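In the part that follows, the structures are each spelled out as structure tokens.
In what comes next, chain A is part of two complexes: it sits with chain B in the first one and with chain C in the second one.
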Partner chain A sequence: MATQHSRAAARIMMAPAVILLLGWMLVPLTMTLYFSFKNYLPLRGGDLGWAGFENYTRFVTSSSFWPSILTTLIIVGGVLFITVVFGVLLALLLDRPMWGQGIVRILVIAPFFVMPTVSALVWKNMFMDPTNGLFAHLWRAFGAQPVEWMSQASLPSIIIIVSWQWLPFATLILLTAIQSLDGEQLEASEMDGAPALKRFWYIILPHLSRAITVVILIQTIFLLAVFAEIFVTTGGAFGTKTLSYLIFQRVLESQNIGLGSAGGVYAIILANIIAIFLMRIVGKNLDN
Partner chain B sequence: MGRITLDKVTKRFGDVEVIPPLDLTIEDGEFVVFVGPSGCGKSTLLRLIAGLEDVSGGQIRIDSKDATDLPPAKRGLAMVFQSYALYPHMSVRKNIAFPLKMAKMDQAEIDRRVDNAAKVLNLDSYIDRRPGQLSGGQRQRVAIGRAIVREPSAFLFDEPLSNLDAALRVGMRLEISELHERLKTTMVYVTHDQVEAMTMADKIVVLQAGVIEQVGSPLELYHTPRNKFVAGFIGSPKMNFIEGETAAQHGAHTIGIRPEHLTASATEGLWKGTVSVSEHLGSDTFLHVHETGLAESITVRVGGEFPVRHGDTVYLTPEADKIHRFDEKGLRIA
Partner chain C sequence: MARTVTTRQKALNTTLAWAIGLLIFFPILWTILTSFKTEGQAISDPPIFLFFDWTLENYAIVQERSDYLRFLTNSVIIAVGSTLLGIVVAVPAAWSMAFVPSKRTKDILMWMLSTKMLPAVGVLYPIYLLFIKLGLLDNRWGLVVVLMLINLPIIVWMLYTYFKEIPGEILEAARMDGATLREEILYILTPMAVPGIASTILLNVILAWNEAFWTLNLTAAKAAPLTAFIASYSSPEGLFYAKLSAASTMAIAPILIMGWFSQKQLVRGLTFGAVK
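Coming up: the complex of A and B.
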């Protein structure tokens, strides 16, 4: 198969795809780098020449930079925690044989098919609205003062909404992992005298560790870029400004493309640090 | 102690009765083999004893105590599974220590027992590896090690050798037999391989469709099978069955004659036939003889060298006192 000739042919045939992907990645990246060194204000004079590292220093020294990093990490961490914990529990539950299994499984997956903008709007208006929302009615039914979710508990609200969207993904992957567990291992541990909780801790959870790392890795990549949920709920107010939201504000609200691009470069660096960190854990976990 | 008594034990899956009421006593220290074709209920029976399946009726007593409703862990039995069921994320040492850890034994005692098991089974050299890095035979040893550290009153084996290659299987067979000699603990062993049953068992239980066809020592089963099923299942190659006139001459519906109880000759004999295939094993040669007018094919065991080829004529003579006679229902005529 791998003769000199076939290898050359393979390279030629793969070239269009590789060139397309490279272009897709390199063009925006170089443009971002280019603009990050420019003083570029579209509505206030356009291209005002080179700026050196001024954009970079301005972006980091801005009072909203560190809070935005913290917010990003809180949202990513919170959503990961909720989706993994509840994903494992739901997967355990769905693995049990029960009546109407097919329908229940489809229902569980359903939130994943709802667009982020739509689900955020549904949550904001139907559940978390302080006068007409379901939660408000529930609170009032118990005689409590309804929570103004978007302002009083803005970060938890966003974490709940995003978790709701990503829970099906985690559940699905963890469910397939649970189904791949050898039943004889569970029976063996039962004979070895391990009660249900210890079977979970010593047999099921280690078996799931690989699937959990995959869930964490994939979700982190997507969660770092959460945007629509913030845009339609709080609009970045009440301490919900993430790094990606801050970049959006610099570019579109302040109309400062140079400053936004510098933020974009920081975002790339942050994502890469987290990616390398995760890859190490995953690599360790996938090895054995 | 490890005396297991099954009293009218029944198992139903929905409407299907897999095991009709069944009585069986396994004596302390005995090596009992459940053997039968696949789907005969032998594994189910073992799982009922282990407690991994609930009985639908009847009683299981272990050392004369009622164990019918006890959970598996409380029965004092240890099981070796077909897939070995080792815990892949734990080292061999941790695998073997697991049941002791679950029993909350103190660490010094755990170490002592694990080291002892490692010595008995020769697994010192790979005690810190994980199951994924071991060969089939090594995994098998670890699985047995995990069973013996608990010092159970009986061992249950569910087709433990079926995932090994032929050479290893013979070796492990011997090791398990030796282990039984050394530990003198009751062992219940499930297999579909009659050679394993014959070589290892003190007592063989032949099962078909959940019913016990016969219980007895290997040689009892070989010499006096109670019916046609047992006669055909025990012994390799299979017993030849002859019906019709020849059987009627012996006052039976069917007669059975084992390949090793037939003599073949190129010149004279009782029955004439044509050689179809001759299988040379070195020590023995098995002839498959066709066109005898008795049965479709008759298998004969002859000595190491017997110069016949495909299509040659051969004469067969049975040893008169080794003929088994069966009636219309397939039961032995004494």
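Coming up: the complex of A and C.
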């Protein structure tokens, strides 16, 4: 039983972490909120007074706002679709008996450990370059005109790169979930003559639903913030400007802090809506 | 599992899985191979897979021209420093939440998790401004602190789930025998917690090593780690595939090796215990 004494000690031990995170959250957040109501242009006159809600309305009415939302949705949706569908298939495959399972697993997981700038540049240059990339060689070998990936197919290119990075994550988590599936139930259904597709649909998929939800929510939070992959490939050109990237440009490139901060507040609200769903699942798990 | 599997089925699974595994791994393999080619061979059409003149010159060039070791040092300091600092702050917190839980423990854990969801770009300017004011821009220690704060929720959570698995009876027994709080932590808890702490360190070094938002935006020449070093290849001059490959191989090799050791902890750490 915890004594009065140990309770007091516990509080003191928790204090540094709580205080640091509280500061990390409140200080920048307050500043972003403050700037979002200001006309603040450090390179063109500095602080030009209060702006009311002007930054908020200007951010959403600017011509790049809706395209950036669309781009964000396409990238997040595309990567989620690819990683979840192939992640489930790959996890099912890796769960089956085979030789060298451990090695295959290592091969599949590897891309997750590659830093974003490396994977983006390797894909952009060594695979997708229209003259010297491997894809160009491949296309020419079949007599086809090489694709200019980064300009003609910029969004699919980014989706391919990011999916490659996140497929291992989805696979690994789904595999962990499949391995916790009750083998007897599957066996029983197999003996009853349930075809493989039915077994998948009625037993495996429902069992995976929770893991899939977790994968979707966690990936969404990370995918909304995709940055380096765009920064080193297209730099936001060719229709690859996501909401995050648009805010980054407003803040650091055009140094319109008020406008960028208002965008930041939108991004924070968006992330929080998704976070609420994720936290509910995690919280439920904490009770058991 | 009592299901019987024929050898044919197993062979089929093996072939398919290996084919897909190699396909997924191929970009990494190709990067490693290309790093040993000459620039001319790196772009040859048709591509050469193994029968080229293996050379180490790219590695020498990368080090010589761009002082690779300096970026490596920065990466090590930032990744290891932020992780260790995070551990120092998180161990007491996770300990108290796991062993002296109160009604608010769950709320605090959830709140910590919520700070992780804050989109970095939303607070980019405030942090940028604070860094300028405090003279921390392009400073390794500034990044150590920021990455520590970013990963602190994950560190606390991972440690918490590990500590939770240590049976409380052992602690009670120690207390009965008159162990003080300090002795309890030092002699009983720590030895049992070492594997969990080690896994937490491993995963967080990996996350910090690969972090590419703050490291790109808050550094310039002095404090830039490997993420920024690689990014400098985005506007190259002349032939550079072999050099890019050599630089990339050096940047990912240590983390690939560490990552393979930590695959089990990866699931736990990144799903906050929601999938085990």
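Convention: the second predicted complex is superposed on the first by the 264 of 288 C-alpha atoms of A that agree within 3 Å, B and C clash if a C-alpha of one lies under 4 Å from a C-alpha of the other, contacts with A are read in each partner's own complex, and residues count from 1 in each chain.
To be clear about the criterion, a residue touches a chain if its C-beta (ideal position, glycine included) is under 8 Å from a C-beta of that chain, and two chains touch if they have at least 3 such contacts.
Just so we're clear, the structure is a prediction, and the values are computed from it rather than from any experiment.
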| said: In the superposed model built on chain A, check whether chain B and chain C fit or clash. | reply: fit
| query | In the superposed arrangement, which partner chain does A:A228 touch: chain B (first), chain C (second), both, or neither? | reply | second
| query | For A:S6, is the partner it touches chain B (first), chain C (second), both, or none of the two (neither)? | reply | second
| request: Please indicate which partner A:F248 is in contact with in the superposed arrangement: first for chain B, second for chain C, both, or neither. | output: second
| query | Quick one: chain B or chain C, who's touching more of chain A? | reply | C
| said: Output check: A:D192 vs chain B and chain C. Expected answer is one of first, second, both, neither. What do you get? | reply: first
| message | So if I put the vertex at the Cα centre of chain A, how wide is the angle out to the Cα centres of chain B and chain C? Nearest 10 degrees is fine. | response | 80
| said: One more residue to check, A:L48. First (chain B), second (chain C), both or neither? | reply: neither
| task | Once the structures are superposed on A, label A:L20 by its partner contacts, choosing first (chain B), second (chain C), both or neither. | result | second
| remark: Smallest inter-chain Cα gap (chain B/chain C, superposed on A) in whole Å equals 5
| remark: Residues on chain A touched by both chain B and chain C 187, 190
| field | Interface residues, chain A side, partner chain C - complex | value | 2, 6-7, 9-11, 13-14, 16-18, 20-21, 24-25, 27-29, 31-32, 35, 90, 93-94, 96-101, 103-119, 121-127, 132, 134, 137, 140-141, 164, 167-169, 172-173, 176-177, 180, 183, 187, 190, 210-211, 214, 218, 221, 224-225, 227-228, 231-233, 244, 247-248, 251-252, 257, 260-261, 264-265, 267-268, 270-272, 274-275, 278-279, 281-283, 285-287
| What does chain B use to touch chain A in their complex? | 50-52, 71-73, 77-79, 81-83, 85-89, 98-99, 102-103, 130, 132, 146, 150
| Mind pulling up the chain A residues that touch chain B in the complex? | 182, 184-185, 187-194, 198, 202-203, 206-207, 209, 288
| If you look only at chain C, which of its residues touch chain A in the complex? | 1-3, 5, 9-10, 13-14, 16-18, 20-22, 24-25, 27-28, 30-31, 34, 43, 45-47, 89-90, 92-93, 95-97, 99-100, 102, 106, 108-110, 112-115, 117-130, 149, 152-153, 156, 181, 206, 209-210, 212-213, 216-217, 226-228, 230-231, 233-234, 240-241, 244-245, 248, 251-252, 255-256, 258-260, 263, 266-267, 270-276
